[in-house]
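Next, two complexes with chain A in common: one pairs it with chain B, the other with chain C.
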Partner chain A sequence: MISLPLIWIAFPLITGVLLIPFAKNRRLSVSVVSIISLLLTILAIVLPKEMAFVIFGHRYEFNPVFFLLGRMLSINHNAAVIIALLYLVNFSWNLISTRFKVSQYFGSLSLITTALWVTVLAIEPFLYAAVIVAIITLISIPLLSPRGEANRPGLFRYLILQLLATSLILLSGWMLAGIVSAPSASPLIFRATVMVLLGFILWLGVFPLNSWLSMLSDESHHWVVGMLLSMRQIALIIYFLHFLDRFAWLRNLPNIFKDMQLIGLVIIAFGGIAAASQKSIRRLFGFFFLIETGYTLLSIGLAAHGGLNQVAMSFIPRLISYWLWAFTVASLSDQGNLKLGYLNELSGLFYRAPFLASGLFFSLLNLLGVPLFAFFPVRRLVWAGVAGSQTSWLIFLVIGIASMIVHALNLLRIFIQPESETRPATPEAPSQKFFIGLGILLLIVVGIFPHFFLPYWTGILAPFTNLFNAFP
Partner chain B sequence: MSQTLIILSVVLVFICAIVNLVRRQWGINLIALALQYIGVFLLQLALRSLMMSTIPLLVGIMMTITLWVTLIGTDQLKKPEPFKAPTSGEVFRAVAGLVTVIFVVLLVPIIRREVFPETGSYLLLGSIGLIALSLLQLGMKTEPLYIIIGLLSFLSGFQLLYVALETSALLEALFAVLNLGLGLTGVFFLVKAEDEAQ
Partner chain C sequence: MYILAIFGILAFAGVAILVSQSLKPKTARAWLIALVATTLAWVAMLFLRLYLPTNLTILSWEAGELFNSKLTLTLDYHNWPYAISLLTICMAAIFTDTTQTNNPSAPLRWVGSITIALINLVGLLAGDPLTLAIAWALVDIIELLYMINLQLNFENNQVVATSFAIRLLSLFALLLATAVGWHDQPGFSLHAIPSNANWVFLLAVSLRLGILPLKLPFLNADELRQGMAVLLRFAPAASALALLTHLSSIPQTLPPVWLLTLRVVTALAMLYSALMFATRPEKFASRPYWLVALSSFAVQCALQGNPLASRAWGLALLLSGALLYLFDPPIRRIRFLPLVGIVGLVGLPYTLTASGWEGLIGAGFSFRSFIFIFSHALLLIGYLRYALESNIAITALEKHARITFPTGLVLILQTILILNITGWPGVLTLGLWVAPVISLLLVCLSVFAFFKLGLKVPFTNLEQRLPFYRIAHAVLTGIQSFFSLDWVYTAGSFLGKQIGKVTNLVTELVEGEGGILWSLVFLIALTTLFIAGVKLP
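What follows is the complex of A and B.
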């Protein structure tokens, strides 16, 4: 019997380490990583429920468990969808990474990072995953700030806050053990809740502890930031759902879901205002990440109104937007169009580089939830959920969305305004046009046919039976 | 293990953490870091077997030596001047450090009573003091080496607290990997800073 943790954790981890000496040959490293990521994605998608394949009359069974130093790594069929998503992210970011001026270790370290994120979701007791998140943070440092680039403050802030979060989650783990034996110990519940929530606030950069997000996206290469933050958001949201699923006391706390709705709405409003008032295009990704975290918290808060399905269905539309935004900003930076990263450096971009301008604009429209785009079907459900739950709180949503509309219109104005000085047209390579075109096409096709593309990903929620039973 | 040795270990840990907070001489800082690991090791001995306590000590000393060798290799290590007159910034940090120690000493009995009733007083004092002083260091300094020393100290204090609560071989291994990774990240930052200077 082949152990599944060996396939999805040990194999990519070892391959990633073995590829480090070949980092100078970026094509080789990235090709190997792309192929492995694609194969692991496909395996996760086609893995049958009985965890066995019959090939040419031979039955090959998979063992879901692997023991390590007395503890367990467990991957069952239910976890396959989230693993497929993580390796899909790695594949889509690695496939064209040789276009960009990123670290030579991008391929190998991204594979190691993906394998570690899978470990985070597979390790038992699952609270030990906090240390692995800290290790992932350390591994991401050479990618975010490779040799030849200055040490910047955002990187240090990221490092410090992530390690603080790890200690909070671990301590909460010890307290949780006490709660299991003393369910009515309310001070213990209060402390553990504060620690868990504060840990996740630091990990995900939730307002008001979000400064590292925009600093990091300003300082580091957008292609790297896009990949690392996308994976971080997916894995940590699922990890947070694990907490809610495993600990009845946490999900039964009075008003916990209402509070999550409110926190999500405040984040959406703050993120929208912050994005609208930004002059740097490079910092914007940090605010988009923040707004998306807000929408996710809001959806979890709306669990009683089907919000959990919306959490799962929003992963793909969000990833397409992140991918397209990261691709266009990274292309603009590497081509020398963004020397300081200010928005006004992009004036008249639509005439000079129509595909790059369109990529940015359509990506933003999708995040806004404009009809016909991939995010619209999911956003519509979330908006309706808020309206059906707390009408007075809609004001936060209105502020957030209105601010983003102002930002989108401002971006459009900058793109089409005539330039004061004539600048040469930015050459757009055919492959660049193809990838941006593909991204926009995906946004529209998923938006028009959401029922073909989105329901599969609700399988991510299969392991959370307790959470679902709480909201029949 | 005798009570006197435990108290001396706590004092050693506090002195080292305050030296790292106050002084900006890399040679002295790394020596203080190594001594701090020895203090933490002695405190851990009160709780765990010699073998388990030796793991964080070995990892810590190894990382300190790696940082030291990197500083020599990149020609960034200056001759230590332990008796140099303190600057106003150093005096300020020393006062802040002492206030923090007093605060921790006053707070630990309450924390012990409310949150960690099964943890020894001196162990709690050592770990929470180390955590508080390293957090102060992280908030007051921006140079890569001090940030890494601050994070290694923070992790050391946290590990000290956590071993009193839970023991697991896997967790110990993960902490060792985390410490090694942090040390190597420090080396990476130092090499980059030298590249930048050139």
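What follows is the complex of A and C.
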């Protein structure tokens, strides 16, 4: 019997550590990480429900549980989809990471980080996951601020707020021990709720504690920020759903889902306005992350209208956009087209580097939810959910979307601005064109055939039976 | 399946031209392929008139209970006249483009024309909001990429960006309308739009047609005067006009004050655009006003509760408009062709637009009716003026172009006549004959006054000939600057900048030295609002 936690946690963790001494040989390190990530993704996708393979007449069974220091790591078939997604993220970011001027430890540390995120979702009692999240935060520091580069305030703020969140979640766990026997109106419930929600607000950078997001994306390499934040968002959303699933007192709080809708909508509106008034392209990723967190909270709030499925189906369209945006901004930075990161530095980009410009623009249109692109089939369900739930709240969505349209208009104006002085065309490597073209193609194909690509990922929600039963 | 055959023919022709041009470029072959394909598509569409209504599901987004949506196409009396008009304009554009065959990019323009017709046809035949939204997005993105590819100057590029943003707004208005409609009736088709969503659909249509904002960003670059450009401008309007025919319950669902406001605003937009159309210095500068003026006629029909009557004005916009603007170069010897095209606009009994008057005037004459009639008269005057101003005596046209160019224009005339007879049941009607007669009388009076003043086309020396010219010019300029709504944009831009400044201030505060403390202050303030249960709308 092979233990599944050993396959998806211990093996990549050990491989990542072993690769650290070979960090200077980036090609080797990245190739090994990419292959392992791909294999682990495929294994997670093909893992049968009975958790056993029959190969050449031999039956190989998997043990879903592994005990370590008195704690249990549990990975069953239900968790396979989220594991596949996390390793898919790692694969897609590692595959072409040698193109970018990122830390030499990118390959090894990204594999370790992925394994730790899987641990976050597998550990029992699940409150211990908060400690793992703190470890992930610490491990990400060498990636965000490679050796030789000055540390900047965003990084410190990220570190402080993330560790603060960890302590809040752990503190809530201590309070939870008393809640089991407490009456429903106990002040303990209120305090624990505040702790849990504040912890997640800090972890996910929810408005108004979002400052570290834009600062970090401005200061650090976009390819690294893209990967770390993408994984963080996926894993923490699922972890938050764990809380809602496990604790009836939390999901039964009066108006909790309605309030989540409202918080999500406020974030979408604020994020849109903030993005529209930005002059730095590097900082934009932080605001996109914020808006996406807003949409996720909104969808969770719309659980009674099928919002949970929308949360799960959003992951892939969002990832494609994040990937495409991170790829193009990182390419522009590394090629010296973004010295200060101002949008004005990209004037006439559509004529100088049409693929890079298209990558940025179509990625933005996808995040906006424009029909034809991958996000549209999911977004329209969310919009319809808001209209069905509280029509007057649509005004927040209208503000958010209109602001993003203004931002798209600004970006387009800059991209197609004929330049007063002729600048040399930005060289676009064939491989660059290929990957951007592939990203755009994926956005369109998923947008036209969402019924082929998106329903699979609703398997992520399989473990949350209590939550689903609350909204039949 | 016949619908798919039409799409297949057009798509095949586009690919065939591209392949043949890349292998062995030959303009004549490319033109022939384009012509045969569009003719076949046109004939097939004409044939489909016998099978109305026709429905077709092109894609089913069914995955358990997750999506459960279908992308459908529907061909019926609402959109068939527009579909045949769109194919006619495409065919006419290819015919009339023969005056430009010495240009090596001509075959690519024909591929462009076919592609535009194809994707707009999808939007036109959309049976549900989902298909319509996807088609609109596709049209907008392709148009944007085409415009960017033209590498226009700074000013025109700014217009390209603005017009794309307005298109995006119209697209999101459509999505908002769909979301609101789903609240009452999930998965509705365009034939059964829930009444509560009617006004949001109207907003989407108005944005797309350029009535809102009134100043439609419009390019006047030289590159955009050829056949394809006419199609590029007129085709997106067609799908919006087809959607308008489904909005039957606006007067019942809008509060009376709002309804009255919309009627007045649309009437003013109509009058202003018609005035501007008739007074532009040259024909191509009048194109946006033509679109807005006739779109306002169509929207007015929906506001009066008779959206089906909007078809008449919509078809006049497309067909008479295409006839006027495809007449380039404006050859003096054949200027009778666009003049005949006025039959598609005049609205006399038993002509194509005769049924349109019922949508505008309906129950009886009122003050607004006179605004409609006056606007109509201005459109007729402008149309006559631009047609009569054609004074080029081209002798250098190639032999084939001497036949194909007028043939393209005749094709449009022929479609006007076909639709006049078979467009929809009841198209051949007496209509409210008094209105067009008054309009024509006004036109005759104007022509008489012009003769009396000794004015002749082209109007070059108006300053000397027209009495009170300077006062009239000043008044017109004042009206223009008011209705161009530049002041609204300036105010909007100022407001946007202030909001941006506030946002940046908040961002600077939370990212500054005491940022975390400020964030906590904001958090506590927001939490207090939540806990206090402050009521939101």
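Here is the rule we use: the second predicted complex is superposed on the first by the 470 of 472 C-alpha atoms of A that agree within 3 Å, B and C clash if a C-alpha of one lies under 4 Å from a C-alpha of the other, contacts with A are read in each partner's own complex, and residues count from 1 in each chain.
FYI, a residue touches a chain if its C-beta (ideal position, glycine included) is under 8 Å from a C-beta of that chain, and two chains touch if they have at least 3 such contacts.
No experiment lies behind these values; they were computed from the predicted model shown.
Once chain A of both complexes is superposed, is A:468 in touch with chain B (first), chain C (second), both, or neither?
The answer is neither, since A:468 touches no partner chain.
Considering only the touch criterion stated at the top, classify A:383 as touching first (chain B), second (chain C), both, or neither.
second
If you count the residues of chain A that each partner touches, which comes out higher, chain B or chain C?
Greater contact footprint in residues on chain A: C.
Which partner chains sit in contact with A:148 here, chain B, chain C, both or neither? Use first/second/both/neither.
Only chain B is touched by A:148; chain C is not.
Of the two partner chains, chain B (first) and chain C (second), which one does A:160 touch, if any: first, second, both, or neither?
Both partners.
Please indicate which partner A:191 is in contact with in the superposed arrangement: first for chain B, second for chain C, both, or neither.
Only chain B is touched by A:191; chain C is not.
Please work out whether A:313 is in contact with chain B alone, chain C alone, both, or neither, and reply first, second, both or neither.
So A:313 only meets chain C here.
With the two complexes superposed on chain A, say which partner A:53 touches: chain B (first), chain C (second), both, or neither.
neither
Examine A:126 and indicate which partner it touches, taking first as chain B and second as chain C; both and neither are also allowed.
Neither partner.
Under the stated touch criterion, which partner chain does A:201 make contact with: chain B (first), chain C (second), both, or neither?
A:201 contacts chain C only, not chain B.
Can you list the residues of chain A that touch chain B in one structure and chain C in the other?
Residues 153, 160 of chain A touch both chain B and chain C.
What residues on chain A touch chain B, complex-wise?
Touching chain B: residues 68-71, 128, 131-132, 134-135, 138-139, 141-142, 145, 147-151, 153, 156, 159-160, 163-164, 167, 170-171, 174, 187, 191 of chain A.
Mind pulling up the chain C residues that touch chain A in the complex?
Contact set of chain C toward chain A: 59-67, 130, 133-134, 136-138, 141, 144, 148, 151, 153-154, 157-158, 160-162, 164-165, 168-169, 171-172, 175-176, 178-180, 182-183, 186, 496, 499-501, 503-504, 507, 510-511, 515-516, 518-520, 522-523, 526, 530, 536-537.
For the complex, which residues does chain A have touching chain C?
Spelled out, the residues of chain A in touch with chain C are 153, 157, 160-161, 201, 208-211, 214-215, 259, 262, 266, 270, 273-274, 276-277, 306, 309, 313, 350-351, 365, 368-373, 376-377, 380-381, 383-384, 386-388, 391-395, 398, 401-402, 405-406, 408-409, 412-413, 416-418, 448-451, 454-455, 458.
Quick check: in the complex, which residue numbers of chain B touch chain A?
114-115, 138, 142, 144, 147, 150-151, 154-155, 158, 161-162, 165-166, 168-171, 173-175, 177-178, 181-182, 184-185, 188-189, 191-193, 195-196
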